[in-house]
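Have a look at this one before I ask anything.
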Amino acid sequence: MTPLLYASSGVAVFAIALYRIFTAGDVLRKIIAANLLGGGVFLILVAIARRPAAGIDPVPHALVLTGIVVSVSATACALALARRLEGTTLDDGDDGDDGSDDTEVAGRGP
Amino acid sequence: MTGAIGWAILIPLGGALLAAAAGERASRWIAALAAAATTCAAIGVAASVARHGPSRHPAGGWLAPLGIELRADGLAATMLLTIAAVAGLVAAHALADRSRAAACARSCPLWLFTWAALDALVVSGDIFNLYVTLELATLAAVGLVADGEGPDAPRAALRYLLFALPGSLLYLLGVALIYGEHGALDPATLGAHVGASAPDTAAMALMTAGLCLKAALFPLHAWPVLAYTRASPVAGALLAGLVGKAAFLVLVRLWLEVYPATFTSAAGPVLGTLAAGAILWGSLHALWQPRLRAVIAYSSVAHTGYLFMWFALGTRDALAGALFVVMSHAAASASMFLATGAIARALGHDRVEGLTGLAHRLPIPFFALALAGTSAMAMPPSSGFVGKWLLVRAAFETGHRLWAAVMLIGGLLAAAYVFRLLRRAFLPRPAGEPIAITRSSGGHAALALALVAIALGLAPGLALDLLRGGSAP
Amino acid sequence: MTANDALAVAAIVLPLAVGVAIGIRSLREAALAAAPWTALPAFVAALDGGASSVHADALLFGTTIGVEDVVTRVFLVLTATVWLASAAYARTYMAWDPRRARYWVFASITASGNIGLVLAQDVASFYLFYSVMTFGAYGLVAHVSTAEARRAGAVYLKMALLGEMLLLAAFVILVGARIDLPLHEAPRAVADSPHRDLVVGLLLAGFGVKAGAIVLHVWLPVAHPAAPTPASAALSGAMIAAGVLGWLRFLPLGIVALPGAGRICLAAGFAAAFYGVAVGVTQRDPKTVLAYSSVSQMGFVTAALGVALASPSTAPLATAAILFYVLHHALAKAALFLGTGIAMTAPTGWPRRLALAGLLVSALDLAGAPLSSGALAKISLKHLAADRGAAFGMLLSAGAIGSTLLMVRVLSLAAARRGPVARRPLPWVPWLLLLALDVALLAAPPIDRERLELLVDPASVASAAWPVLAGIAIAFAGRRLVRGLAIPPGDLLVVFERVGAWLRARITGAVRAGVRAEDALRAWLARRVAVPRRRQTLLREASRLEHGLSGFAPTGVALLVLGIVLAWASR
Amino acid sequence: MTLDALLPLAVVLTSLLPGIAIFWLAERDTRLRTTLNLSAAIAKLALVVVIGRGVLAGEIFETRLPFVPGADLVLRADSLSLLFVSLSAVLWLVTTVYAVGYLEGSPHRSRFFGFFSISVASTMGVALAGNLLTFFVFYETLTLSTYPLVVHRGTPEAVRAGDLYLRYTLSGGVLLLTGTAILYAAAGSIEFTAGGVLGELAGRRGLLIAAFALLIAGLGVKAALIPLHTWLPVAMVAPAPVSALLHAVAVVKAGAFGITRVIYDVYGIRLADRLGVTSVLAVVAAATILYGSLKALAQDDLKRRLAYSTVSQVSFIVLGVTVVGKLLTIGGIAHLVHQGLMKITLFFCAGNLAEELGIHGVRELRGAGRRMPLTMIAFTLASLGMIGIPPLAGFVTKWYLGAGAVEVGSSWVIAVLIASSLLNAAYLLPIVRDAWFGEPSAPWPARKGRFEVGLWLLLPTIVTAAASVGVGLFAATKLSPLAMAALIAEREIHP
Amino acid sequence: MTALDVLLAGALPVLAWRALATDDLHEAVVFFIALGLVAALAWARLDAPDIALVEAAVGAGVTGSLFVTTLRARGLRPPASPAPRRARIALAVLTIASALGIGAALAALPAEPPGLGELVRASLPETGVQHTVTAVLLNVRGYDTLLEMAVLVAAVLAVLARAPSPSARPAARPAAPDDDPARPLIAVLARLLVPGIILVAGYLLWRGAFAPGGAFQAAAVLAGGGILAILAGRRAPDPHARAVRRGLVFGPGAFVLIAAVPLIAGRHVLEYPEGWAKVLIVAVEVALTFSIALTLVLFFPASGEKGT
């Protein structure tokens, strides 16, 4: 029965993280949410691995281990970018602006 | 060359690692060698598929249900060749560019990782492995975007990452549910067992939704546009050309092998509607974007629409058409990005007005833009046309007249926004605008890519046989 | 290829070649020298009387040319003679004209066309040479760079085009695919054609334009005087005859009875005869009077044609009569034109008296005075009238009076002499030769020798004499009456031109209105769609929506909605 | 792939490869470019002659390249395609000579001749296409390759004309694609076969009529049927050789040729007639004939008047082809060649007048005959031909059209023929009259060289004028376009 | 189903909500770390010792410290405005609905799933390793791990892409220990713990072959020690130095090499030759441990590093 319990808690964490990643204003909170999103899925995976009476199914464990490493890499990368970010949120400034700050050339276009 | 499929993944991986560790000049040589070797490996795989048909290569020797299988079938072979062609030529552009030599130490490993990830994704026969390859591709792409010079690069990269993560994690949750239900991860066994049970439905919905976000299908299309408009030409070419297609290819694998056709036929029209929306919305926006890169970005949104039309049509010819659009758009958009890069370096900005009177001043980038544009608007003799023809014909065969109409109108809109760029080139050059005519090396790679798009249109027979030869099971 | 065949080909090709050669700078002088004699091969071919037939399969639709029957020979004689005389006359007359080369180009091409249509033995080549002649003649009419010549040219061109189109329609309906239908089978084809009446009507009208039938004659009095004298001679001599040749070639004379068409021709013929006289008498310029005289003479021919159409039995007789009449008219009219040309400009003293005398001779000949070829022509017509009842005979005589009236008018105008005196030598020789030939015609008429005795017997002399005398008497009596009247040359033409101008104004007005309406429609459409304004709001709306879509929350909503819909769709 | 199979492909390549090569030539090496151009044109002509002899002897040359599942790229030389190919090949050689002279010293010639050759290659492709898809592929490449020629001058006005050109031709292309896709979806591969291939679809009238309407609308844009014709007069802003070969011959004929193919080789004239679509098309064609002539009457610019004349004349071909009747078909198909020859002569003369004396308006022509006799003789011959005066080319085809109409008993066709001839006369003869009999307001500028205009410009004009006379005069010979048309009608109408 | 499980399972979502819903970022990070630890306990309860170890060391430790440093580096930023109310409500409803859907799907999962457990256990002998998870990780699904290593290196390259090398910054060494009040405590802690940490890491690495442990766990612990050393004032490794880059690449490079060798011999990728499995796996584990540790340390920004 315990696997279902943990699985449902995993779903809860997943849902909360999903909700907050889209509504959070601050970049850091979004990154935390991204991390927890992964955590939720891993919870479900390990809960699934726990079910068979015969013994624990090692494959989900390997999957979760790989997942955690990937999640850490993503979070580290996100945080590194967050450190270099000027504004606080990601939505200020739209996409189709006039392009004067073109990345290509240091000098300003006329 | 049974091991070719292994080399196709290991060489770029190894190359990336060596390039990361090597010094500035050495990393360029390593990157060049790796690119060449990987292309040979890809050709090797395609040759073996063409001659002996599909083949299975269990990684680590462990057979299907347990280990991960690498499959070399028609779909994989053609995609390997496409990736090799586009990534190879983009690499050539990056390496040949003297002025950005220093950047290679940082960017070479990243685009080699992207190449490795895409190769692994295309041949992978395990749905969790697909997740890992998707993540590798995304992270490498984020690295490439972050590498851009502009002040806005970190924001663009972070946005790209934070939109991609939920997509992959939804997909992972789907994988978890499927594993929970069937206890297997390889499409062969899954295909046999997956039915319309609650976990399977939930898994299909989650995976498809996640991948639609990663593939930026309308209405989830807006997030990569900032990254495309801020990335350097190399990054933009790889992102729009190849990484953008990765999620679609995964979805094709799933819908072909894992989910039984009857089960997904109900979801087909949903994706078809979104695809139609993407074609019209993307083309409309591409029509009035002030900046060249934004035009190409929205053109990619429109082309993603053409890709997803296969889900609504479902026939084998439609799949060949969609894959042809993948190939032609990969080459065309990469070529356009590189050409824009060359033009922007000469003009100082990439606003559309800058193109005025360009035909004679920057002939090679302009010509590349023109040829790539022909493929983008799916006019014969380009490969874009072959793709669109197969899709439109399949639409009429399966009675989806509305989708056919949307695709045709999309073609017209595409012609509108391409010619909006090209027509300016013939106008006389305004006196004031200075042009720094450097030896625009970007132009040659762009032209080569554009020629690939056109050549594929002239002799599609080869690619289609390869597709059918090792046809996906 | 017998000698005759070569001669026939040369008759057509030589003038054409010379015409083209003039265009080439290096050959110009030589070609100009040879130009006057290009009609010689046709003349020789006409005289030696041998039959010839040349078939060129490759040309157009397989053309055949040659002299095969009496009609061709007579017309060849008249065409060759008139063109030779006109060319000889023009050699001196045009010597100092600044645009001499252009005149000779058009004259040679027209001559070639004229000779060609006579020799043509199949429908396609007939129509080809007919068109070449028609459009070549424009160059002659509009040669003199004066306002009247340009107007004459315009009128000539319009009527010629009308004629061409009528004939094209007729031939197309008649022949269909068998374009290379030999001419001698044409009448049979017309008779058997399902649209016979339509074809006959078209043929009558089409050739009627050239032959100056009533109402269709309006261009003649304007065009002939406008052209230089030699051209006028050729126009009124040879080319009018071409119209009659067309009738003789195509109309089913003697094959089927066409009472309706016959009556129309008869009426039109006599109407033209008397109308020509009525208007001709009032004219000021002798050339215009001569033009009207041609209209009236052709009226007689049309009448004769009407008789032949109405009763097939009289066909052979009528054809012979028409042939001789046209031959006589051509030569006499050409002589008259050349004569007036000389008379008007001859220096006073013996040359002027000689010219006027010559003029008198040909005038009498034309009027049909006894012992002249004109009388002979009239006699053949009278025989035709024999079984048609007295009315036809009476009309003929009245016509004779009319022609005499016109001749008197010409002589009086020539005598009054208003033209400038020519300082350069006058081309006496060709005119006198032509006069002599006309008279000689009497001696050796190419047809029905036995008529000759009739000429001398007293009854026919009397019947020929009284109309002439009566005519002269009426002329002197009515001299004053006629001076007041002044009908503009071309009479109905003025009406047609005004109608034409009104029509053209209407058409161009309509076209301009059409263009304006089209532009207005396009402007209205543009406003209705108001693309620019509408586009701005549409784009602003779309970009606002797009900006909204690109935020995190909306994407999240879209993602979850998609997930749920997919799950729901495939449950 | 035997030699015979390679010939059609070789015909297309002989102008495609040089075209691509010319792009890379620098501006200054004109000699190399000219030799390349001319040798390509002559090589193509030789190929066409070889194929011609074969086709007349009944052989079939076919290149089949694998293209798309369910449809191959097929280039087949049958009698109908031979006619159009030979016309284009001859006129390409002549126009290349003309273009070399005309563009002497102007910028971007490599680009011009590159696209010029590619557009001719596409025309060859259109002519030789063996099935509807191949036809569409080359039809669209024709659009793409002619656009740069329209905007070649680079003036804002030229680019605006280019926009209009694109707007029409691209939308036309989409309609054609829709029609093609519908037919391919319904009947599998649509190979051009005499008598049509849609027999078994006869039951689905709605589909057939819809597809026919789409195909004809798509082709109608290039065939300049009203109301799809407005791009043609505007495209006259292009340099003279472009308007001569492309807008008077290649592009416009591609549309008319397409309609012929669709009616005879896709639907078959009987099926099309049963569907009742041909009568509608015939009415549109007739309307275009009259509309074109009337609009030409109202134009003051010489090239625009000739453009509207093209609009009207091309519809003769369409009229001839749509009304059921053997003679009409012969007339229509022969008119394809005859009109091409006459119209290209007129455009060459317009080009000469513009180049030498700067004459653009119709009224400025007064007295031009004296200054440029040879050009004006060519102009006169061509104009008389257009009106339908024997022995010129126009007369022959108008005669057959008329005879065909009589044979079929549709008298309104004759009325249209006569009316259009009169209208032609109305807008062409005044020009001829002014040229020969008018007095120039100011004395003409003196001659630059020995001839009235550059030899490169004069020679082609004379050649095409002579051709339009010869084609009419020797219409009965075996090799004349008329004989070819009769052969085609024989094979198409009664297979 | 003990009370502890209920407590743990219940705590997780509550902690998650607290971490994500608070407006104070510091509080959020603290709750995140707390959640990491509770999760480690949960893994232990679910009999997943390997994951518990990694979660504790990496999930809570490294990631937690990363968050703290980033928070400090970004300093006080104006609070960002969250998404509009309407969107939030919609998202809430949708998330709940999808959560219920997924929950229902989970409930419908079969109690006795045909997992791959028996298969792995059956073929354990060929893998050359006793511990099933390590067998799966490094042999059966070694290919996944290979790609995962690539992800790690890619991430670190992305992180270092624009990072200035610590030596280049003016303040070459971090502030002297005495001026930062917390400094002395850390210095003492570091001197005490670091040797222990190294010992534990070595042990974990060694027992990986037959019991829970292995490269990842060892590397995670080692990285924790490294970060502690840096915090205690030792100089952080310079990302642009050649040696550091070689160290980074050494582990994955070895793994790629080992994967490539069977290809040359005509066998499948990553197919350990007969009998060599155990030796090769151990070799790979050692190499990987060192590189992963170095990578995780490099993730940790040298203190005080501002965004360039």
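A, B, C, D and E label the chains in the order they appear, each numbered from 1.
Keep this in mind: contacts are C-beta pairs under 8 Å (C-beta built on N, C-alpha and C of every residue); 3 or more make two chains touch, one makes a residue touch a chain.
Worth saying up front: this structure is predicted, and the values here are computed from it rather than measured.
J.: Just how many steps, at minimum, does a route from chain D to chain E need if it may pass only between touching chains?
T.: 2
J.: Can you name the chains that touch chain C as well as chain E?
T.: Both-contact set = A, B.
J.: Report the connected components of the chain contact network with chain E omitted.
T.: Drop chain E and the rest stays one piece.
J.: From the centre of chain B, which other chain's Cα mean sits the farthest off?
T.: Farthest by centroid: C.
J.: Relative to chain D, which chain's C-alpha centre is the most remote?
T.: Farthest from chain D by mean C-alpha position: E.
J.: Two chains share more C-beta contact pairs than any other pair here; which two are they?
T.: Top-ranked chain pair by contacting C-beta pairs: A-E.
J.: Hey, which chain is the most central one here, using CA centres?
T.: Looking at where each chain's C-alpha mean falls, the closest to the middle is D.
J.: Can you check how far apart chain B and chain D are, centre to centre, with Cα atoms defining each centre and the answer in Å?
T.: 42
J.: When the centre of a chain is set as the mean of its C-alpha atoms, what distance in Å lies between chain B and chain E?
T.: Roughly 31 Å, centre to centre.
J.: Mind checking the centre-to-centre distance between chain A and chain E? Centres are C-alpha means, answer in whole Å.
T.: The answer is 14 Å.
J.: Rounded to a whole Å, what is the gap between the Cα centroids of chain C and chain D?
T.: Taking the mean C-alpha position of each chain, the two centres sit 37 Å apart.
J.: Residues of chain D that touch two or more other chains: which are they?
T.: Within chain D, no residue touches at least two other chains.
J.: Would you mind listing the residues of chain B that make contact with two or more other chains?
T.: Counting only residues that touch two or more other chains, chain B contributes 128, 132, 135, 139, 142-143, 146, 154, 157, 162, 166, 173, 177, 180, 183, 201-202, 205-206, 222, 225-226.
J.: Chain A: which residues touch two or more other chains?
T.: If we look for residues of chain A contacting two or more partner chains, we find 14, 18, 21-23, 27, 30-31, 40, 44, 48, 57, 59, 63, 66, 70, 73-74, 77, 81-82, 84-86, 90, 95-96.
J.: Using the contact rule from the top, write out all pairs of chains that touch.
T.: By the stated definition, chains touch in these pairs: A-B, A-C, A-E, B-C, B-D, B-E, C-D, C-E.
J.: Could you pull out which chain D residues touch chain C in their complex?
T.: Against chain C, chain D makes touches at 294-295, 297-298, 327, 373, 377, 384, 388-391, 398-400, 402-403, 406-407, 414, 418, 421-422, 425, 429, 433, 436-437, 439, 472-477.
J.: Given the complex with chain E, which residues does chain A contribute to the contact?
T.: Within the complex, chain A touches chain E at residues 1-20, 22-29, 31-33, 35-36, 39-40, 42-44, 46-59, 61-66, 68-70, 72-77, 79-86, 88-89.
J.: Given the complex with chain E, which residues does chain B contribute to the contact?
T.: 2-3, 5-7, 9-10, 13-14, 16-18, 20-21, 23, 57-62, 65-68, 70, 106, 109-110, 113, 116-117, 120, 126, 128-129, 132-133, 135-136, 139-140, 142-143, 146-147, 154, 157, 173, 177, 180-184, 197-199, 201-203, 205-206
J.: Along chain C, where are the residues that touch chain E in the complex?
T.: Residues in contact with chain E: 551-554, 556-557, 560-561, 563-564, 567.
J.: Once bound in the complex, which stretches of chain A touch chain B?
T.: So the residues of chain A touching chain B come out as 14, 18, 21-22, 27, 30-31, 34, 37-38, 40-41, 44-45, 48, 57, 59-60, 63, 66-67, 70, 73-74, 77-78, 81-82, 84-87, 90, 93, 95-96, 98-110.
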